[in-house]
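In what comes next, chain A is part of two complexes: it sits with chain B in the first one and with chain C in the second one.
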Partner chain A sequence: MDLNENKKRNRIHSSFEDKIVKGFAIVFISVIAIACFYPLLMVLSVSLSDNAVVTKKGFSAIPQAFTLDTYRYLFSRSGDRIARSYIVTIAITVIGTLGAMLVTSMISFALSIKDLKYRNAISFICNFTIIFSAGLIPWFIVCNNYYHLRDTYAALILPSMFSVWSMFLLRTYFSSVPISLYESAKLDGASWYQIWWKISLPLNKTAMLTVGMIYALGYWNEWWNSLMFIDDHRKYPLQYILYNVMSNVKAISSGKVPPGAAANIKLPSETMKMAVTIITIGPIIFLYPFIQKYFVDGIMTGAVKE
Partner chain B sequence: MKKRLLALMLAAVMVLSAFTGCKKADQPSGDNGGSTTTQAPSNNGGSTTTQAPDNTTPGEVSEVIILYPGEETDAMSNFINNQLNPRLAEEVGINVKLIYKGWDVYWDQKAVLLNAMEPIDLYWDGLPDLASMVNNQHCQDIGQLIKDNCPDMLKVFPESQLAGGVVNGIQYGIPSAYAPSSCMFQLVCVRQDILEGVGMTEIKTADDLKEFAKRAADQYPEMNGPADIIFKPLTRNFADEQYTWCALGDAIVYGEETHKAYCYFETEAFKKVAKFNQSMYADGLYRDELTTNYNERDSRMQQGTYLWVEGSLGKENEIIASVRSQDPDARLKSYLLNPTADKYVTACGGEVLCVPYSAKNPAGAMKFLNWLYKSQENYLFCLYGPEGENYTVQDGRIVLNDPGFEGYFYEWMFRNANYTMFTSDVTDDFIKMYESWDDGAKTSDVIAFHFNNENVREIETAINEVVNQRFTPIECGFVDFDSSYDAAIQELKNAGIDQYVAEVQKQLDEFFAVNGHQH
Partner chain C sequence: MKEFKKNRQLYLMCIPALLFLIAFAYIPMAGIWMAFTDYKLLDGVFGSKFVGLHWFKAFFGVTTNSGAKFNGMGLRSVYNTLYINFFGLIFGTIIPITIAICFNELKHKGFKKVTQSAMFFPYFLSWVVVGAIIFAFFSNSSGIVNRVLESVGHDRIRWYAEPKYWKAIIITADVWKWCGYNSIIYMAAMSNFDPSLYEAATVDGANRFQRIWYITVPLLKPTVIVLVLMSIGRIFFGDFGMIYGIVGNNSLLYDEVAVIDTYVYSAMKSLGYSYTTAIGLMQSTLGLILVTLSNYFAKKVNEGEGLF
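Up next, the complex of A and B:
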């Protein structure tokens, strides 16, 4: 009996129903995948089309009168601004994520220790901010007048540095580490800082990556804090530039702009809107397939008990 | 016990934090430190007087912070930093700093900044919203400030223009766009090249428009038809007396001959407009987006594939560049439907400049405006930069070195008929028409009337809901008039429209008792 025959014999035979279900699943998932991919393809296609043709014939998945003019125009007119905003975005994403992970993991670790003094009170304060919010204007006054964040890079980082939701998520993972592990480390003379750094963090690497990813995506997509606090256009992150490009269009659609002004607002062309979208989402789209497995790993951790 | 104490302490900390945030409005904000003499608004929003602080000593340059809609461009930043501010510093001792907020968020951000008492010295908004801004205490009395600081500006703004910024007898804003404005938004801006292409020469009536749309649909199938349901121009066309919209958006009109307020949706003119638009839909001449995306009418027209949009004097010149970027042969022209009917000047322009209570340098803001309006040279400098750099003047016209140059400060925001200089692409015919546009026009009785909605806010919300849900589709002709109108009117009555109209009439009577009628 040769090897091939062995393999054939060991293979699980699918029934007709199994094949039907499998085929349906493949078709169903493919349709969803295409439905998700198609708009993205459309955006790319329009950004590479001639604007006059797009205006007359509408959108298409295949570029109409292929041209790179929109990208040329965009980079020749705002190339410096886009390049600078890339640097700002990358910097706030890296610094913000590292800082947020540091703060979040420390407080999560501390709250996972049941002996921590005032543990419930600290948890209550954190919880309280989820349920009750002071509102936009008090928050603005505190950040602006008391923390002096107006027009500083810190305004892009600090307000988003601590998420209670992420803290609770991480605390759940930290809590799953047996306390006896920490106790034995204490017996060996380790400080709490050493336990956090050398034991707890390595044991919860997947959870850290998951929460880190959430923070990183949040910082990459950051535009709200820029809108609230940043006046100097040299400090604009990438997403805020995209937001500004779309802002005129949304303003016209909303009907808020008085008729006299509305007729004078310059609108970006369709190709321009799509090109800006591609420029801003491009890097994260290419990066996403490489890091998304950590999301799955992170969410699945602890889901299966053996 | 410990837990209780801890809970009490936490509660105390929270209360203290809350009170810390509730500082007095007239205290300087944390990072400003300096003193301000601008007083906070009184609760009645009425008679607060503002001292005009001029904290600068001779030779010192003070900063004027302007909240400005739109996106900052490098060209504008360079102009302000390198050209405008040096001149302002030397001539009037100020520098301007613009805080840009994108159009979509401009109003929300304005509210946040003004409510947080940020030191904004000057901001723009639409003139029809002035009464709301006064109610929200977002603008202060600037009557004395203007008198003290704006002698040159007053030379180019007639008193009747400034009266548009008066609410409850107090000057709260400067209606900054002063230009011929009779029949504002009653014109229809059409694609003249297509009109001539289908064998027509001009538009005078609604029937002409319909004929134009029919011929264009046959001969120019690539065009998308009209961009707008133009209910205001059509109202002019169908109305027996001319109406001026005076309250609650598009819901309340004032009859210029009967001197009464009406619910627009109950007028015969509205019924005719709705039926005309319904016939346009029935004939396949309107696309659904005219109803579903009504607010995008201007952007549709700028796409170069639509036939007409609601116009105002000069709109054809304002949007022609955008239309030509899509269709290089495009020509636009504005027409007045029912041209023999009376023309009324209904508003002191559409724009207003205001000074909030939180302003630290209101006198500086006035000085900036006075400098801008001091001479045509200064005016053009703010719009286009120094002569010779971006433009030259030839035969009294501006010739832009780069036709795509968008200018610096918005022309429409600071437009002044005394200084307006047209660009070389504007036709002589248009200039002739522009200069004589208001000849023979009557001033509307309600030109300076600002309705105060304080007593009818709840009714207003209910009416707006009915208008948006029921009357907009009827007005656009999207739903059948005969089968839906009566039920919609009943809903409007239930929402309290009669009470609302009575309140408008009451305020109008009070207004006329003080100001009299204009005609």
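Up next, the complex of A and C:
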């Protein structure tokens, strides 16, 4: 149908109610969008403000007396610590994501082949872990007492290395590859490994990127396993450093610590807390415009089941 | 056996993933036995003394002869979990649906792109970062909320010492973090609606509101029901990361916001591994029952298509 004609017809039908609906939509969407983005803008601008001004005037979404001093001070005083935990975070993100993609893509590929007789049984083994779990304590005891994960980098990587949800998502993508492609490769004498590596993966690049980024985001934002297993300061990932900074701050903020003791704990300034937050979000801020469409794509595929 | 020979490579490709599931999901299930024993580290999981349902009774306050302190905090954490999840579910459904419907009514590409990016952003932040942002709002001296209160002549509130506000703050944060993500799910569903329905309605003189109310909303119903059922299946599970990221281990706020998951963690050392394993087992079992039921009903509304 002709688009212009359609538009014209819409215009004719456009009534007073239509304008109200549209007006409401614009206002509602704008309010939610601002509510979602404003806090981040505020954190960023406070981290770029002068601390004395912030203490006097309070937080604001526009930098007050713009300065990079907070970051300079932070890096000169605890630059080593930040650099170290940046390396820890980057390392677990890279190693974890690559490992997870390998493990996940292999099983997703295998389960996408309809020829595989026991694929339903294997799917069920995966499914069951979603609907029933042992609970935190047995999991913790097994990891801590039997696998000896305490204070190891493995504790930050291994427990999140395979996600059943990501497997299902990837399998949906893999299943859309026509089986005839595989069959002809089989006739040419290719093994399943070769088909997976040379045909399936290249055909599903976007899917792999999507799943890879879901894993990477998970590893970047990881602090729960650190809370469970890591005591050694040098092994703290970024998020866990922020967690520790903030939980001291909140404890003092509640007034629960006696004032005498509070005076002894040196608190980071307001601008410093926000600068640490920005450093923790790190590359997500810069990469966000480029990566968000993969996540949208992933959600859409996950939601629209065939 | 012939099958394994024929597809050996494919089965081998499943093994690494299955090993992870065995190590981190199935082997811990053996530890559930602790819920029925008086676990002592030296005796090991299977060497400890069998005590039957002692810990389950203790949870409901039937017996307290073990000397451990059971102050009803367990039941309180169940209440908190249900409270936070219930309101999170209500607002976390209504707001994303409204976003998706409004979004569908707008045409301007640039506006849509910018606003969607903004709404989706909170999903990318960890709960620790969200906790820091909430601190920026509610800190005593420089927090925005207190500044606003002062400017209208109200006294400052010491938020981090006032438990009564925190359920609401946590529910808001939960809805805030997920509204963009969830609205995308509804938009995905909408993109599959038959455009000819809308065209026909327009020809018949239906205005925008009528098209939303009589076409979009009914068509969205199955998706909404499935997502709501999924949430109900997990209504006994609190979000550990959310509570710890926002409140941390602040003991003043603890009673008001402790969910089952955080209660289990914090009681692990004081009340023992066996007691907390028993609580976790009750939670998982209820979860299993509810998820199975939800799946059954989801299949009914969704023409045989379950949640998994």
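Please note the rule applied: the second predicted complex is superposed on the first by the 219 of 306 C-alpha atoms of A that agree within 3 Å, B and C clash if a C-alpha of one lies under 4 Å from a C-alpha of the other, contacts with A are read in each partner's own complex, and residues count from 1 in each chain.
One rule holds for everything that comes next: a residue touches a chain if its C-beta (ideal position, glycine included) is under 8 Å from a C-beta of that chain, and two chains touch if they have at least 3 such contacts.
Everything numeric in this text was worked out from a predicted model, so none of it was measured.
Student: Regarding the shared-chain residue A:H233, is it in contact with chain B (first), chain C (second), both, or neither?
Tutor: Once the two structures are laid over each other on A, A:H233 reaches chain B alone.
Student: Is A:G282 touching the first partner chain B, the second partner chain C, both, or neither of them?
Tutor: The answer is neither, since A:G282 touches no partner chain.
Student: Go through the superposed model and pick first if A:R81 touches only chain B, second if only chain C, both, or neither.
Tutor: A:R81: touches chain B, not chain C.
Student: Looking at A:M42 after the superposition, I want to know if it touches chain B, chain C, both of them or none. Which is it: first, second, both, neither?
Tutor: second
Student: Examine A:A121 and indicate which partner it touches, taking first as chain B and second as chain C; both and neither are also allowed.
Tutor: In the superposition, A:A121 contacts chain B only.
Student: Which partner does A:A52 reach: the first (chain B), the second (chain C), both, or neither?
Tutor: first
Student: Who touches more of chain A, chain B or chain C?
Tutor: Comparing chain B with chain C, the partner touching more chain A residues is C.
Student: Quick check for you: in the superposed arrangement, does A:E17 touch first (chain B), second (chain C), both or neither?
Tutor: In the superposition, A:E17 touches chain C alone.
Student: May I ask you to decide whether A:I29 touches chain B, chain C, both, or neither, giving the answer as first, second, both or neither?
Tutor: second
Student: So in the superposed three-chain picture, is A:N144 touching just chain B, just chain C, both, or none of them (first/second/both/neither)?
Tutor: The answer is first: A:N144 touches chain B but not chain C.
Student: Do chain B and chain C land on any of the same chain A residues, and which?
Tutor: On chain A, the overlap between the chain B and chain C contacts is residues 55, 118, 125, 134, 136-138, 140-142, 145-146, 227, 243, 246-247, 249-251, 253-256.
Student: Within their complex, state which residues of chain B touch chain A.
Tutor: Spelled out, the residues of chain B in touch with chain A are 6, 10, 18, 21, 29-31, 69-72, 74, 77, 99-107, 109, 112, 115-116, 118, 126-128, 177, 185, 222, 293-296, 298-299, 302-305, 310, 312, 315, 318-319, 322, 325-326, 349-351, 406, 410-413.
Student: Report the residues of chain A in contact with chain B in the complex, numbered from low to high.
Tutor: 51-52, 55-56, 81, 118, 121, 124-125, 134, 136-138, 140-142, 144-146, 148, 150, 227-228, 231, 233, 243-267, 269
Student: Which stretch or stretches of chain A touch chain C in the complex?
Tutor: So the residues of chain A in touch with chain C come to 9-10, 13, 15, 17-18, 20-22, 24-26, 28-30, 32-37, 39-40, 42-43, 46, 54-55, 58-59, 102-104, 106-107, 109-111, 113, 115-118, 122, 125-127, 129-143, 145-147, 158-159, 161-162, 164, 167-168, 191-193, 196, 217, 220-224, 227, 239-240, 242-243, 246-247, 249-251, 253-256, 270, 273-274, 276-277, 280-281, 284, 288-289, 292, 295-296, 299-300, 303-305.
Student: Which residues of chain C touch chain A once you look at their complex with the stated criterion?
Tutor: Contact set of chain C toward chain A: 3, 7, 9-11, 13-14, 16-18, 20-21, 23-32, 34, 41, 45, 95, 98-99, 101-103, 105-106, 111, 114-126, 128-129, 131-133, 135-137, 139-144, 146-147, 158-161, 176, 179-181, 184-185, 187-189, 191-192, 202, 205, 207-209, 212, 223, 233, 240-241, 244-245, 247-253, 261, 264-265, 268, 273, 276-277, 279-281, 283-285, 287-288, 291-292, 305, 308.
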